[in-house]
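Common to both upcoming complexes is chain A, partnered first by chain B, then by chain C.
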Partner chain A sequence: MQPHGHEHPDIPEPEDKPPGYYEIMEIAVRELLIEKKLIGPDEIRRQIEVLDSRTPALGARVVARAWIDPAFRVRLLRNGRAACEELGISFYDDTQLIVLENTAAVHNLVVCTLCSCYPRPVLGLPPDWYKLKPYRARAVREPRAVLAEFGTFISDDVEVRVSDSTAMVRYLVLPQRPPGTEGMSEQQLADLVTRDAMIGVTTVRH
Partner chain B sequence: MPESQDLLKRLPTDLGGLTAEPVQRTEHEIEPWEKRCHALADVLDFHKIINTEEKRRGVEALGAEIISKASYYERWIAAFANILFQKGLLTPGDLARKMEEVSARHGDGRT
Partner chain C sequence: MSMATGPRAADGERPVFKPDDAVRISVRFPVGHYRVPAYVRGRHGTVEAVIEPRGIDNEEEAFGRNAGSKRHYYRIAIPLAELWSDYAGSPKDGLRIEVYETWLEGR
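On to the complex of A and B.
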């Protein structure tokens, strides 16, 4: 084993077990693309750093800001991507972001029935269940039953609205601010906001 | 078994509205090669070599059997290879030779 320092000049590959068939394919495709100068030698490592920098904490900051700043909330609902960029959250892809606001009358839920489209710049990578058949198949057909499996029960007089993501258009749920949080700071509010609440499978609790 | 006309009407990744099992809230820590595969997808998109929709259709083109047996990122890397062949950017021979080289480099624990 190499000594573990704080610098990772090369892309890490596991050294203790031989790579499997698909990992060998990944290494081979990457090295061929670099040899043929179709991609740069450092681009994968730099993109891994970008991916590592994206976590639900970014989305939580956006939500908390929208709760405390009504003008920001309006801009966020008008153009999700521009409002996130205003907070310094860059979009490294060509996707647009539509922010769906939960209210006393509407609860929003986000799915990608065809694959796994997800607002990665603001939430990071999606959880496995978001990519698997049960959620993708059933969220559009019986959303209340799916929500119940997450312990979320939406009153019958509240409309449940399901949005199906595409390659170009991604969705983020703006959850309702829970009661009893009036005196909280922006950071304290952000700490309450979970990934699942921004997908819409849960609500924000205090 | 579904009839062929049912398979034609609904391609293997088109799942919306089907009946399915309860959601199991599974999550796993992404493996290093899976993260590299994800980064590769983004970099291929930046260079306008393979975009998200091409990637999705490339997975679809693997067919129902592979889709059901291969994992998420296994499907991605196989789709990338096929799309790169179709675009004439790599050849199957290039990939076979390179995979042998990578395998030999890692396989016996010596480099």
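On to the complex of A and C.
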């Protein structure tokens, strides 16, 4: 560990442990694919660069545009992928996107109970908690308790709608635009939109 | 054959179910890769939407097998109170999940 004044005794160095079963499997498959010239190291690096270029800022742009442009909002709700592609956001993983609109009557929450399906083209990599079993199991079993732990309290007369992402469709929540933001620019609105609000565990606040 | 019948659709080309259809998710126990979580198997739901475009069978594709004709996924609505008898939230609360055509039975 680099000396910088204090220790981090709880953080293991990655190379301290021997690789696990799936790590070895991933290395073996990758090396085989390269050896058989099916893919090259440049392609692997390029794909990592594609993944790294995707962040919640893209989703926030989509949300802000939907808030200020009613025609775009209609297109986004009709076909999420096509509307994102209008803004230059490509779907490199060949998934479809359903955009779920939060309203005064419905609050949407997204989960993948089987693994970690996530709208990576518009949000980047999922947060760790999204991939862990407690969130995956509880989001469909007691969503209101999960929301409360994120500080989100949904009134009983509002329907909580949980979308479980399992196959080829990914979901993006279109949060409600907070009051008091009428005079804000598209960029100022985008700056309010957080990753968690687009998963549905929080709302957008101003 | 009458000329008036028009072009015929291929297997899987047209959706078998339509919005508002009542359906049951099959009870099957595939070993290995599957896309229908155990907690919804055998449950009754309603088709909310037909998802376009069609897709190949992810479960077959995962094994590198011929995934067959493309078919539709459906967005299925199931009340949470129907999934969990002791569900503590509002009776309005619901699940939406995409299910491949081969897993759905009409009612």
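In this text, the second predicted complex is superposed on the first by the 176 of 206 C-alpha atoms of A that agree within 3 Å, B and C clash if a C-alpha of one lies under 4 Å from a C-alpha of the other, contacts with A are read in each partner's own complex, and residues count from 1 in each chain.
The rule is simple: contacts are C-beta pairs under 8 Å (C-beta built on N, C-alpha and C of every residue); 3 or more make two chains touch, one makes a residue touch a chain.
Quick caveat, the model's predicted, so the values are computed rather than measured.
Once the two complexes are overlaid on the shared chain, A:D156 sits against chain C while remaining clear of chain B. In the superposition on chain A, contact is made by A:D164 with both chain B and chain C. Using the contact criterion defined above for the overlaid structures, shared-chain residue A:L51 touches chain B, although it does not reach chain C. By the touch criterion defined above, A:L114 reaches both chain B and chain C. Of the two partner chains, neither chain B nor chain C is touched by A:L77. Of the two partner chains placed by superposition, A:I34 touches none, neither chain B nor chain C. Once chain A of one complex is fitted onto chain A of the other, the partner contacts of A:Q96 are limited to chain C, with no touch recorded for chain B.
By the touch criterion defined above, A:P143 lies against chain C but remains apart from chain B after alignment on the C-alpha atoms of chain A.
Shared interface residues of chain A (contacting chain B in one complex, chain C in the other): 113-114, 140-141, 164, 167-168.
On chain C, the positions that touch chain A within their shared complex are 35-37, 39-40, 51, 53, 55, 58, 73, 75, 80, 83-84, 88-90, 92-100. Remark: chain A residues 96, 98, 113-114, 140-145, 156-169 touch chain C in the complex. Against chain A, the residues of chain B that register as touching in their complex are 13-28, 30, 32-33, 35-40, 42-47, 49, 51-53, 56, 59, 70-74, 77-78, 80-81, 84, 89-90, 94-95, 98-99, 101-103, 106-107, 109.
Residue ranges of chain A in contact with chain B, taken from their complex: 11-14, 18-19, 22-33, 36, 38-39, 43-45, 47-48, 50-51, 92-94, 111, 113-117, 125, 127-129, 131-138, 140-141, 146, 149-150, 164, 167-168.
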